[in-house]
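Each chain gets a letter, A, B and C, in the order it is written, and its residues are counted from 1.
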Amino acid sequence: MSTPAATPNSVLAAFAPSAARRRRDRAARTVIAGFTLLALVPLVLIVYYLLEKGLGSWSGSFFTTDPTGASFFKSVSIGGIRSAILGTIELVAIASAIAIPIGVGVAIWLVEYGRKSLFANVTRFFVDVLTGVPSIVFGLFIYITLVITGLLGRGLAGYKGSLALALLMLPVVIRSSEVILALVPNSLRESALALGAPRWKVIFRIVLPTALPGMVTGVLLAIARAAGETAPLLFTVGGAEKTTFSPGAQMNALPLQIYNDILSPTTSVINRAWGAALTLVVMILLLNLLARLISRRSRLA
Amino acid sequence: MTSDGSTPQTADMPSDELLEPQPAPVRLQTPGPGAAGARTPRPAPPATKRAHSVRLEELRAFYGSAEQVKGVDLDFHANEVTAIIGPSGCGKSTLLRCINRMHEEIPGAHAEGRVLLDDANIYDSSIDIVAVRRAIGMIFQKPNPFPTMSIFDNVAAGLRLSGTGRGDLHGKVESALRGAGIWDEVKDRLGQAGIGLSGGQQQRLCIARSLAVNPEVLLMDEPCSALDPIATLKIEELIDDLKQRVTIVIVTHNMQQAARVADRTAFMLSGDLVEVGPTQQIFTNPADHRTEEYVTGKFG
Amino acid sequence: MSLASSASPRGAGRPHFQEELAGLEHSTLDGIDLVLEQIDRTVEALRHQDVELSSLVIGDDDRIDGRYLEVHQGILSLLARQAPVAGDLRLVAALLHTIKHIERIGDQCVNICKLLPLCGNEPPTVPDVLELVLRMGTLARSEVAQSKLAFANRDATLAEDLVRQDREINTLQRDIFRRAIEIGEDPDIREWAMTMTLVARCFERIGDNAVDIGEQTAFVVTGLFREFSDSRTDGAA
């Protein structure tokens, strides 16, 4: 490849890639682009189908009326999905109220107190295991311990579903909070300690406020995940038609509603399922966007 | 412990104070050097000099079982600047952190021996660590104002975090900022974020934060390493002013800096204190040949 | 007392600085060689009343002045750039003083040589007085040579020994003075004798400068500056 440097051009020519290499570059690029398109296709299709089939069901009454049991009689309205939406919100809210304080607490302990101790490492190991557990297992766990035994009350109930969701959220909250808390520079803790602050004040007045935006992001993502899970709710919540706010009763939820409706022979019910699916996706999308907005304002990310 | 006698807020402040009969609180003079540039003439220093000396006796510091500081006896005279110099790994930073009991915050680390602030051994089990750290402040190598707080809140943070009296917060903040020579530069933007300042200003903000709680001793761990030469000089000028109020111990890699700011200099090597004496003597005629070799640059 | 370290070989750090410092010391001590040459010539010129040799000495003093400026500039530059401390700083200060003393010695040689032509081409000489003066010259020469040795070897003991030799020179100076007073009536001889006392004074000053260099040596070694037991006040001329 080396040519005597008679003129500047010939020196540059010596460094130019050969035609064969250019061809290989282009081939590789094309293949990678192809894979990207391949991956995009189903995503695009999903969005398309959701919009095409779901938008049609959206209407004012869709969001403000409960589903009725009627499906065979054309004269009776099948209703909307109000109880499902409200149910999802309430179930996820209760689950968050349980999972977030506990999860953040564990994360704080891991980062600030446990650090590299054996117990802390064991804890982390178990948390990692839990993140991989299929969501249906959480539902089954609650089913066995609470529903069958009737320990805290007979039968299916909203709060049992919340517990299952909380178990699902817990490892996610712990992991993401731990990561963010560990990102807080140690120098901040040191200077706070050196000023004479007791350790708990260092955590709550300095570390947490600094980590807050990142932690909020992690929490929102955990919530988004819980909102979309179906399996944990299957054996715990039971589903209902009427809107109810009592956690002790059976409740409706969007994933459950979709699950039930999609199997129906009635077209309008199936359409309602699509509408519900679209609603659910939009809700989760909004949560994700919110998480991203907040994380951009974080000083740690 | 508090100049206005208010009761501490938190449960972990004991009723017995670290320092027995506290001298009558001196109203803080606010002479600060002028802002960037020329020094303005200062009013006379306070009439009563606070005399707080520190003495290390047989101080040993360990990381696990590894002994990093091996039995050091050292005095830090009141209202003087003492520099500790030595090659990397000689234990000077570790020694410094033993003085305000920060060393034991590292997992697995512990210290033995006595550290006497005036006549009280701060390692005594009856002493409250929080009170120790209020009395002995620390400035770190990298300026680290709290990122979520404004300039005002940063300076007030010391008062709020340590639970020392909060009366006249604004006055104390201003006085601390003046003491750190930064008041004129920030007085119009106290509400702005602390991290928006330049490196040198941030470090002076951290000094103000430490000054706000009215310490007796100020420990500085290479405070100028991360700063440019102009900012470094300003901090050195500030140290010269501050020693009228506090006793200062400064760890530095920069021998010229030690020569400029310190009244006494101590030389450490591999965990031992090799020599300590007036700075002028250490740098013109050191007694120990190891000191001679280090300061003339033959090793380290 | 860092006796050992001052003479120890330069360590691993700062090789350029150490080289530069060693170079300055070398220049300074070489300057002593230059003035030793000048002293030798001066003594020769005295011995043979050689006016030509004396004008050579006078002309050559420029070299010594040049050496002084060179070392002086080198030291300023070193101070500004390298910030020497401890033993190095003492050495630098000592070199600055020493090169000044060397320059003074050179000036004294010039003074002596300037006095020679005044005696005229064939001055009447009194042999024993001339002998005393030449003895002084030789002693002064050996003092200067010893001061160089002491400095180069950082030998404080040898430096202090200079005082003993210097006392001899002072004794000789007093003797010359006394002889000059009793020299007789001849105006030419009297004039010559007066000139010789002036020459003796110059040699005595050379001796003093050599002792001063010895004091600088002791300063480098001990870190304390001390005037050696003052030989100058023993019956000053």
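Keep this in mind: contacts are C-beta pairs under 8 Å (C-beta built on N, C-alpha and C of every residue); 3 or more make two chains touch, one makes a residue touch a chain.
Quick caveat: nothing in here was measured; it's all calculated off a predicted structure.
The minimal number of chain-to-chain contact steps leading from chain A to chain C is 2. More inter-chain C-beta contacts link the pair A-B than the other of B-C and A-B. Nearest to the overall CA centre, using the mean of each chain's CA atoms, is chain B. In this assembly, the C-alpha centroid of chain A lies 92 Å from the C-alpha centroid of chain C.
Rounded to whole angstrom, the centroid-to-centroid distance between chain B and chain C, based on C-alpha atoms, equals 53 Å.
Averaged Cα coordinates give chain A a centre that lies 48 Å from the centre of chain B.
Within chain A, contacts with two or more other chains are made by no residue at all.
The part of chain B that touches chain A in the complex is made up of residues 10, 12, 100, 102, 105, 107, 130-134, 137-138, 140, 142, 144, 146-148, 157-158, 160-164, 206, 209-210, 213.
For chain B in complex with chain C, the touching residues are 255-256, 259, 282-287, 289, 291-293, 295-300. Residues 115-116, 185, 187-188, 190-198, 201-202, 205-206, 209-210, 212, 299 of chain A are the ones touching chain B in the complex. Looking at the complex, you find that chain C touches chain B at residues 2, 4-5, 10-14, 17, 83-90, 223-224.
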